[in-house]
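Each chain carries a letter (A, B, C and D) given by its place in the written order, and its residues are counted from 1.
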Amino acid sequence: MTLLSVSGLHVGFGRDPKAGEVVRGVSFDLAAGQTLAIVGESGSGKSVTALSLNRLVDFGGGTITEGSIRLTRADGDVLEVTQADEAAMTRVRGAEIGMIFQEPMTSLNPVLTVGAQMEEAFRLHRGLAGAAARAAAKDALDRVRIPDVARRLGDYPHQLSGGMLQRVMIASVLACNPRLLIADEPTTALDVTVQAQIMALLGELKQETGMAMIFITHDIGLVAGIADRVMVMQDGRAVEQGALAEVLDHPQHDYTRHLLHAVPHFANGRAARQDGPRAGGAAAAPVLTVQDLVVRFPVKRRMFARAKGEIHAVERVSFDLVPGETLGIVGESGSGKSTAARAILGLVRSRGTLALPGADTRAGASQRPVQMVFQNPYASLNPRLTVESLLAEPVIATGHGIDDAVRARMAQLLARVDLPTNCLGRYPHEFSGGQRQRLCIARALMLNPSVVVLDEAVSALDVSVQARVLELLVDLQREFGLAYLFISHDMAVVERIAHRIAVVHAGQIVEIGDAAAVLSAPRHSYTRRLISAVPNIDRRHVRFTLDTSTVGSLLRPPGYEPPMADWVQVGPDHRARAEDTA
Amino acid sequence: MIRAIFHHPSGRIGGGIVLVYLVLAGLGALGLTPHDPLMQYRLDRLHPPGAAYWLGTDLFGRDIASRLMVGIGQSFFVAFLSVAAAASVGTVLGLTAAWVGRLWDGVVMRSMDVLLAFPAILLALLIVAIMGPGTWTSVLAIAFVYMPIFTRVVRGPALSLKTREFVDAARTFGSSTRYILTRHLLLNIVAPLTVQVTLALAWALLTEAGLSFLGLGTQPPAPSLGLMLSDSRNLMETAPWLMIAPGVTIMIGILGFNLLGDALRDILDPKTRGGRA
Amino acid sequence: MVKQRGLNPLSGVAVAALVGCLGLAGTANAAALHMAWSQDATGLDPQKQTAFSSIRLLELIYEPLVRLDDKLAVVPAVAKSWDFAPDGLSLTFHLDPKAAFSDGTLVTSADVKASFVRLLDEKTGAAARSNYLSIASIETPDAQTVTFKLSQPDVPILAAMAGVNAAILPASAIADGSVGTKALGSGPFELKSWDPNAKEVLVANPNWAGGKVGVDEIDISVLPDETAILAALRAGQIDMALLNDPLVATLVPGVAGLKLDRTPSISYNVLQLNPSRGAMQDVKVRQAMSCAIDRKAVLDTAALGEGQVTGPITVPAYATDPSTLFCYKPDLAMAKKLMAEAGFANGFSATVIAATGEPATAAAEAQVLQSQLAQIGIKLDIKMMELNVYVDAWLKGDFDMAVALNGGRPDPYTMYNRYWTKTGNLQKVANYVDDTLDTDMNSARVETDPAKRKAIFADFEKHITEVSPWIWLFTPYTYVAERSNVAGFVPTPTGTLFGLSAVTLK
Amino acid sequence: MNLLTRRLATFPLVLIGVSSLVFFAIRLVPGDAITAMLGTEAGLLTDAQRAALQAYFGLDKPWIVQYGHWFWGLLRGDMGISVTYGKPVLTVILQRFPLTLELALLSMVIALLIGVPAGVFAATRNERAADLAVRIGAMIGQSTPSFVFGLLIIYVLSAGFGVLPVMGTFTPIWQDPLANLGQLILPAITLGAAFAASVTRIARSAMLDVLGEDYVRTARSRGAPARTVIWRHALPNALIPVVTLSGIEFGYLLGGAVIVEQIFALPGLGRMVLDAILQRDYALVQGAVLFVAFNFMIVNLLVDLAYFWLDPRIRAGGQ
């Protein structure tokens, strides 16, 4: 039975929606109980298509200009969604079509308790009130395996982690047993292990309730685990659709093939780089040595009171970096990996030894041998400065004027990162995300550094852009002999660029060594858990197991010094922290 | 930018009004008024609006329309200058308070609290005592009254900009504090600042009227909208046009600035600029 | 839907408010007179207060030995008769035996003596002391008789004693220092309560020697905005009000049920020049200014014609017809000629100061004067000042010109000796020394014959308008607006409200 | 509570700042209590008389000594005696304060009752005719000087209907609530009109921001009707800027609304301060400004507590 039938859908924005079309002719059918994955990059129109299905697109300034969306309702009537009035849509939303969104942190109302928002769903569609609604909310949260439900109902959204919130979102959507669930990038903002949990939950619930699902994602790797059918979108059009296996194994369209092959997919160390400078055994002198780096943030209770404790954000991190080498630092959010990077740049107060031996032995060495590229190219470029001012800033900071030599270097670097050299007068918003990140890279290279710290440098980019930026980084590394400290949560990306990998957990390195070795034969239990959570196109319809363990608090009493760690030498360049096996 | 304003529905109206006012003030400044704004036509005192005097004459037989044209210039001069002074000093204080933090932040913000809690009239009297009455006194008094508001308006966004990645990036380059404050913080506060400025201009016009009550504002016979309005109060029944003309002029002027401010907020705000999230 | 939610409760509140207002307006108590004025008294010590707003309240509570009637003639108050010794060196008063303070104690010569001793004591700080400096000693032969021995003949002292600054205070109150905190006088009314800048309540003094007053109580509200006073009269909330601004007062006759008493006052609007400064040191320049100024036009424009063009002397008994004075008929040709003779054919620039709202017409006068003087090339820069700041500059003589409203006195000597005698306290404000003026003033002090005094003052007036240190403009009206239920009020040129003692309500 | 103590700790600092500033400012302005009382007649005083009056008004000592004396009194809770009222400063202030407080509260209630619904209404009809109408209405309210509005009300009522609220005195609410309301409602409407206009503008723009938030979309996706979305989900989040604005405006109103008090002849704090300044009643000016500053800070504190109550994130620790 066809639940939803979309044909020739066109959606536009602005005062003249015909001119501002974002979706230009999408058609698909969805049977009851089926899962359709819509895959595409940002701007492909996948989210707008989804928002059109329950007409939420109206509130974002969009208008359906053409086409039809026919929804078969629970009572068998067929509703033409494009023509329905707001009152009818209000009855459809929630009751028949549920929806969950990308950012769980912002998708729940910050001033209402979790319980109040859960109960609302029951009140609206099941007519429950008071204690009955509360009990129903409790049941629903139990269903998504939230521990300690009674307390959680009284909590506000900011008191819960992202993963928890996404479970709350799912629970509140499932409250009304919708026949269709639209999940718009539900795991993109989450850590990889949490993503695995949410995916598992969705799969399980789908099985239980028999509802249909539209799963929207940019990550084709994620699709493999959950979808029955796949639709690939590009520039507002569906370029390919078909059964899961068909699309993944025999892609017809170039774009699908590009997504499947050009984009980094995790390969358990098989795709790791083999050109590391240590490969021959005769490593050059390190360009950066970090010894026992410690970052602690005091936690104060009152203004004049003594610190009640310290957050041990980074705890005795040590590593070194030789020219031409990439050290990948992987870990989940809150693991302290970014804090460590910021400490190396002097942005946060730290203890420990930072040595830059050999940095000034190179010709034309810079006064600032370590430079950084930040995660979000939208946030790390001042939107009100021109490209020229942006590139000039590091030079000005050293007290130099902008002379012809500097301008020549700007032109050279812009050309090198594949940006037009005549763009000096333009502003960041005129560039795409990938171009902006190239700009950031060019800026970091202005002072001819020996080490570049790349903090989640490609995470905010679309998958196909990611691949090209990674290639550029590798090229630049070879050309300038740069050492990279590459920080990322994305195992697939790290695999492509790192020679060596350090796995960080709770502020400490738990495993470090040659990339291929660490990824193919992880020793530490955390590394293993991390790797097993990475989605993979080859793992179809996998059932993830639910795990509700969380990272413990990093708050320690003042003056606390953790015991020295024991290390296990696993391979020639592969060490892991010893664990209690008990 | 100009095109963007005139594409915005409220920007079109607001921009239009401000443009018309600028033209009127320009004509007034060049002396291109229907009559001499200071000329007292003794026989035509309190003449109702008509063909000879479009908006009537005042107690002295001076042409209201001509006085309004010059008054727009005078009032807007005071408003612009005082708001500019308040905005620049307030911005410097707000920026440095946010950046330096700690003791300086406390000193600046508490001083602003002191100023906010201080009666504006006493402040104006004090400034008059030091400088003597006149245009510059009103400018200074109004500037003092609005400075704390600008300090607050700047400090808030500056605190959040301080933690943005591009500021971190600047610090990794070792950029000077002055460079960071001006290029990274200030440049990005321009949008809320512009909005606040357009709103403050409206208040300044009214405050100038209030100061005229105490003889602290524009000195006669120079016309200012506020002075014309406050001079008209006891003639409200005898010659209502005396109140209506400057009243409506102030009202439409403020309307223009507010609409323009709304439009600028929409245009300068990156969240609404793209149209779609 | 959204809109209604907000507006319904609000319109309810508005209706309730209107009902409330209706119910509360005009709840007048039959024997109480409801009054309003815009400026309140600043203190209760009759000897120290000089502000008109204080005096008019205190005159209802306290009595001097004598007072002035509506023709400015000296009539009995606490004293029922008086006589000057032939040599003019002593002045004897016989007190009214019925005169009593509101607590019932009789007024005796001891009270009179104590009052004047206090007034003359420099520690009291009474500004009016300067009018009584010729008192050498005070004798009290009996309880009803007081004799003032004078150090020199001083005719004007009698009229000077008619002011409330020379009020008779109970000797007991002087002794215990309660003057100024508790008002205890022998006037027609007694102060029941005073909430400064808000409201005062007066009740009839049962012990007043003048007999029974027409109302039991007077409630005076301070309504700072004169437009609001007019509104309160219209709504019947008050029966009577004092108004200052001619722009508001002239509206009163147009309102049904209201009448307006306008009385020419003896105070005067004047453009004070500073003859010690710049071009104004030259008498021809000052004369030119006097000729260039059209006094009638100033009056017509700034005060809607409400007032009378006046010479220096405003008391009708001594005044000269203004039209005979120097250049009171504007003569621009003459003015220009004088300017040229003085070497200022192209005029000069000067600053004129004026106080905001004091008088209400000050800013308007300044602007008309500015436009008139521009005709002979004098460029005036107007500086409006808050009253106290203005007074400060005025007292220091720190101005080129000043627009002023100066108070009048029933006797021209008392009025002007402070400015135009060489030893006058305000000589520094006038900044002008002239032998003729000094001689005229001093002979007016000792001369007892009214006819001769009149001649002396005529000479004074002619001379001072010719040398023109100041340019006298006009006397304003004082206004009392009444509802038609108020009867019997007699206004006087000094602006006193003593006439309230005869007011009845219909 | 952390916040509360930190705020309270800054109170004395600000109060010392305000008190010093006002103490010296008022003395720097030309004219003193003597010229205020005597006007130009002050020129008739002899030196001995002037000295006597200066001693009477407490102006005979050097400023710094006067300041020390006043400050020492302040520490013991004594603000001195007002020379115009002849009463302790605090007594005079507390006599005037109930009116000012009530007027401020009433104006704020009016402003919020009109402003919030109007702002919400306009936001839901963004850039359409109804929105423009509300905004123009708001701007007219914002740009009409209160004396114009107040005088018009008085004129229309007295000339058109022959009624007027009782002026000059003030009936406290505990004596006669109806009479009290009758007196205050018109001034409150006059003040509330401009206040409502600002609230409307702020509420509209905050609602526009909030309506674009993810959680509003979530509520809609759940099938919540427009009414629920606007009043339950969006409005509480849009209230923070409204509270900020209301706090500032309310703080100003607690300092007294001079012009409206003048027109409606209400014996409130604003007129008292103005009169005290014009009469150079130094002790009263100093005491009143200190009192107003204190209120201002209390209101700021209440605003912070309101944030605390409105936003659980702030409640959790103010990050």
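Note that in this section contacts are C-beta pairs under 8 Å (C-beta built on N, C-alpha and C of every residue); 3 or more make two chains touch, one makes a residue touch a chain.
Just so it is clear, the model here is predicted, and its values are computed rather than measured.
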Partner chains that chain B and chain C have in common: D
Pair of chains ranked first by number of touching C-beta pairs: C-D
Most distant chain from chain D by Cα centroid: A
Euclidean distance of C-alpha centroids - chain C vs chain D, Å: 37
Whole-Å gap between the CA centroids of chain A and chain C: 85
Chain centre separation (chain A, chain D; CA means) in Å: 50
Touching two or more other chains - residue numbers and ranges from chain D: 29-30, 151, 155, 159, 212
Per-residue multi-chain contacts in chain A, two or more chains: 60
Sites on chain C at which at least two other chains make contact: 227, 386, 389
Inter-chain touch pairs (all): A-B, A-D, B-C, B-D, C-D
Chain C contact footprint on chain D (complex, rising order): 29-32, 35-46, 48-50, 52-53, 56, 84-86, 110, 113-114, 116-118, 120-121, 124, 151, 154-155, 157-159, 161-170, 178-179, 181-183, 185-186, 189, 227, 230, 262-265, 267, 271-272, 275, 278-280
Interface residues, chain C side, partner chain D - complex: 1-3, 5-7, 9-10, 13-14, 16-18, 20-25, 36, 42-43, 48-51, 122-130, 180-181, 195-199, 221-225, 227-228, 230-232, 234-237, 386-389, 391-395, 404, 406, 418, 425-426, 428-429
Residues of chain A that touch chain D when the two form their complex: 54, 56, 59-60, 86, 90-95, 97-99, 101, 103, 106-113, 120-121, 124-125, 156, 158-159, 169, 172-173, 176, 301-303
In the complex with chain B, residue positions of chain A that touch it: 13-14, 20, 22, 60-62, 342, 345-347, 367-368, 370-372, 374-376, 379-385, 389, 393-394, 396-398, 429, 440, 443, 447
Residues of chain C touching chain B in the complex: 226-227, 245, 247-248, 250-251, 297, 301-302, 355-357, 360, 363-364, 366-368, 370-371, 381-386, 389
